[in-house]
């Protein structure tokens, strides 16, 4: 996926240092140093391209030792830096926050994906729009790097007809209006029963979202779709409080996607460190 | 704390709907509805003022049923809305992401703070700059609402002399330079031994950060500071991988602050829901 | 469709008056006036909501006399204004440029749509991404108001596999990769022969774009899709230099969409005027 | 004229690809390619410097084969590209929209200018502020490249006293106030009769705009100015619905400028194409 | 003159309080208070409209007790405030900086203007582009309020041909090119001798700038222009290190304008104070 | 101190040339030239790094002949330029405004600092937040380069309890609340009597600001603090209308800081010039 625009990355640094780094300004002469960014735990790398671009902007040579999307072992160096110690320290925290969050998301996504496919099904794990405010772009990129499906990027991306809409408009009419709005938008309907799933598929929806159902309920919906000869016309997604413990049960039923809000709404940053070497104390 | 500027909040919505909400545009006539934002689990409210400002901008009346900083029970309504269903649905996800993240941080902070003070010590829990990229302002406000200490907001805020600086400049000289830079900046030194702590205090630092020490090491440093008659001249902070399980052991030693990166780098959003009522299906 | 954000509209005025309106500043006392925005030729109104919001921001009461999407007769008033003559004159040109362009696009779209449906087919007219630089949002909204299909808003919206991609990756593999990228993206393939159209449909594409074909070529492709039992699984779009003179021939063949770059790349602004009344010359 | 700032050009791309180009991300490996931007019809080149700067920002080498302002034949290559196929495809549409619109404006301007001077008069063709919303900078630059006069860039640029002002303040007083406001602003008065033209010139205006007059009316005004000995003290502009058919009649009368709103309010983009070569399909 | 856009004013506050006003947040409950902005020395008011808009944005009622451009006595109240003490204190410094600088400029401009006209000449005092970086809009507005001429707002505003240009192009050719560029731009030539002044006027310049000349040199140039019958075709400006002590000598010679860089490059803020009343200490 | 972000510097140029430099566009062919930036009076250099970055952005090679913070003699060259004459002239005024203002501030700061230390005391001169609106970053950097103390950068930086706060909350309680808000914020109290100074120090403030006191009053406060054994626990600042004439009297009393609003609220720009050489007139 295309990188995050540099202007946005620079804004992160500007917010973290509106009047510069007073510690370096006060304490350090500027010197050249070497430094490395290392993973303290294993995980999927994400955000390295962005971190490297940031360091480079501040005149620090940044060499990637891993590529975004790679699985990295604990202790491995992912970025080697060479340049002004002030530049390195100015960017340090922003880079760690960026790589830590994005790698955390990518790693969790990969773990869920592995669990989902443990039974051999070609099911995919998808994210939701439950991201940190304003961080949809970073979070969706991290999900992609972890092997997940990014789902809708924004409200403008595709049509997702939910209970609030269906309280006002019947399924068939809602799908018809969505198609009439634009032929280019994927149309998905969120349903709570097998019957609604069949109605959505029959109305021509591209996808159906089985929300907050038990595995038995999901199975019932899949059977109903198959019986109606509609299973191959529609992609089936399940969602609703699915965890690492329960994802296998859903994935094994033959759905196409399992979406998991926790991938991006409850992120644990990967444990990283930046180590500086080389500049020697003046005599 | 002052609210997050409206322009920033609006940018969150614009990023989530660059070409509007195509589902509402396609499916719904616009109507007036009622809606509520409810907590599905107990926690400390944060971000409600921001969410209310966002809804109000889009013409939806928003009445606070709780104040940021309040402890809210599971099931309680925190915000009551009245207005255009399109406006409500446009802002819904951004508001949930905002309140969910901020309340998650505030709730975790309050839990750590309670654990730290369980032994009766007046110790405080502090955040770090390990936030989601660009979200320092929201995250620090949430920490304050949870009863925590926000620590440095940015690199421009105060002087924190770390190992990378001390590799180049001795403690005494570093503190002297920091004071000479500005009389207005708090000067803190990160140390790893009791001896370094005493040197930092003697050099005139305002604070000392005991990093990655065992409780025994912390105790040794506190004794050394007391023996040198320096304990009341310096504020003592401990940090480094402190968890809910270990915070009590550190807090009981008589330190002033315990800082915890996890408050903001590994956030679990509080579980919330927005429920829409009232607009009736047209005949 | 949701309105264009006010900050964006204000930027238009700021660019047109970086140091204010020197004519009003030099020549006029400020007074209250009445004014009207009138169409000098018939057309579909678009941009009125945006114009009204702009005037209101500068303290001028703006009353809509028509709704965006309405067909308006030549001579009709669409907006009635009451307020400071300086405010009216400051916003005048920006408002006229906005309403003129958007109404021009909406009117042309409606004309093409009428021609396409003249034969009774339910075919839709669609726009492309050939807009004025940076004006995609305004232009797409205008197309919607004119009864057109907005097509992809951006490159992030959906997958459109073109000749440049197919030079590198066979159709079947390209569609497979697109589906694997995300289940939520509409997948369309641009083809030049009936055979390619069948391959794309068989591979599972949602849409096929018959590019620069003659009507006979289009008919051949439709027959081939029908023979293969794929016609109802895929939406068929035609494009490539289609004009008011030729759209009927394509629309009559039974395609789903006809996309027309000229709707937004070669816009004729509707002819409008703003007339000021009422402020009297001082004695 | 100075180029359009890069930040503005980058914003065009960011709006067209907020979450990247999903087609390339899904379908293509990244490879190096060659590409050319070609004119499909003859015209005056404009926007090439901006397009080249955009490609270069995304790491694509861009070599100008024509200079902005040049007349280019149908079929000619104006820009040769070498670099990442993903970079080329990301920027493609924005570059085509930019060059297409600007070259369309420049070409139309040059055509009007040639018609105006067909009779041998040194008359100039000028644009107005009737541009696409927010695109004044691009549109005015294109007019200059086409050999036109850009007229006022903004409301802050110069004083143009129109009917709405003259309804409140007599010509003589309005010109006096304009001069008193600033000695540095060109002062122009829009008039509808020969008598008003003489009054404006006598009051010291720099320019007079004869609005919506017939050629006979214009001639009468020119004679009146000459009789009063004021013709060489004032520049005379005509405007109001002037077309390619009528411009010759006005230009032949000896006016200094003919301004034409259609140059920028009703733009036909020049027909261009971007062709990609060279990256080979993997075996 | 039109006010400074609110978004710009809000940016001033955001820069001064990126994480809020920690003193109020720490120390104060929020209460309602009264406050006044008072001039501690006499001067011309400027910036009051902007200050009032800022307070109003933060929910503080702001009543103007003087109008921008008024002469205000020492001790007079210019703005009365009523509202949240936190809002008042948040905006206080930004408002004082704004009003202090703008009123300082307006007051100095008025003083120079009075000195220039002391001899009864209708000469005007003008500013230059020597402003604080980025503050041209505020500074030029203040000059206008002080009764000065704002001169060119920007490099895009008008043509000013200086020594650096004349080293490359002769006066006559430079003026010809400037006229050919646009009929709408005022053309001024900076000269150093009477002969050059005559050449500039003869070539058709609108204005001539006599730079760094003695009063005798200026007189010589005026005589030369008069002798050539060109004095009434050109506006004459003098500039170059003119002070309050010397302005009278130049103004008395019959020039049209005296421009003074010090008006905006060396500003003394007017002495102001904001006094808070009313909120009572809690028992 | 870290440099001012380039995006901010570019905004200064964009504001000064929204439609380019029409004089160069009209009059000059583009050629290569040499140019120098020279000080016309002696002073402390500041803003050179920023000016060099701006020229470099526009393709002009810029070589520093002095370093920010250096004392420069009258007549000395501080920046040598080589490149497009259009680039040089486009940036000229912005660069002069930037370097002129910043060097003016740095020079004044150094002069005050020398006066303060004339008696051999290690006292420092500090700035305040009385800057030009929005220019805090530039102004504080200039103060640092002149050898001054920047004081609080913003309202978020540190706690400064003033009369308006003390009218509502007693000193002891205010200091307690400030400490409870955050252990990381320097806490300063503004007082008007010796007794209040002692109360602030006893309450644990880091700094006390003796505001608008006579030298005798300051001395009394210092004695009171010493008698109470608190002098070495608190840093003492004086402020309030201190001038070059009076600073020595305060500095000699043994205070730690003297803060002077005039450093940044009433700036005299240093006198600079940019001279262009070398491009020859075409034959």
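Letters A, B, C, D, E and F mark the chains in the order given here, with residues in each chain numbered from 1 onward.
FYI, a residue touches a chain if its C-beta (ideal position, glycine included) is under 8 Å from a C-beta of that chain, and two chains touch if they have at least 3 such contacts.
Given the structure is predicted, the values throughout are model-derived calculations rather than measurements.
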Equivalent interface to A-F, taken from A-C, B-C or D-E so that over half of the residue contact pairs match: B-C
Most distant chain from chain E, judged by the mean position of its C-alpha atoms: A
Centre-to-centre distance between chain D and chain B (centres being mean Cα positions), rounded to whole Å: 52
Gap in Å, rounded to a whole number, between the CA centres of chain F and chain E: 23
Touching two or more other chains - residue numbers and ranges from chain C: 7, 15, 17-21, 25, 90, 136-137, 144, 150, 153-154, 156-158, 181-182, 185
Chain F residues within the chain B interface of the complex: 124, 126, 144, 149-153, 156-158, 181-186, 188, 206-207, 233, 235, 237, 256-257
Residues of chain F defined as touching chain D within the complex: 7, 10, 14, 17-21, 25, 86, 90
Residues of chain C touching chain D in the complex: 11-12, 15-29, 31, 85, 89-90, 93-94, 96-98, 100-101, 104, 129-138, 154-162, 164-165, 167-170, 174, 177-178, 180-182, 185, 265-269, 276, 279-282
Sites on chain B touched by chain E in the complex: 1-2, 5, 7, 136-137, 140, 144, 150, 153-154
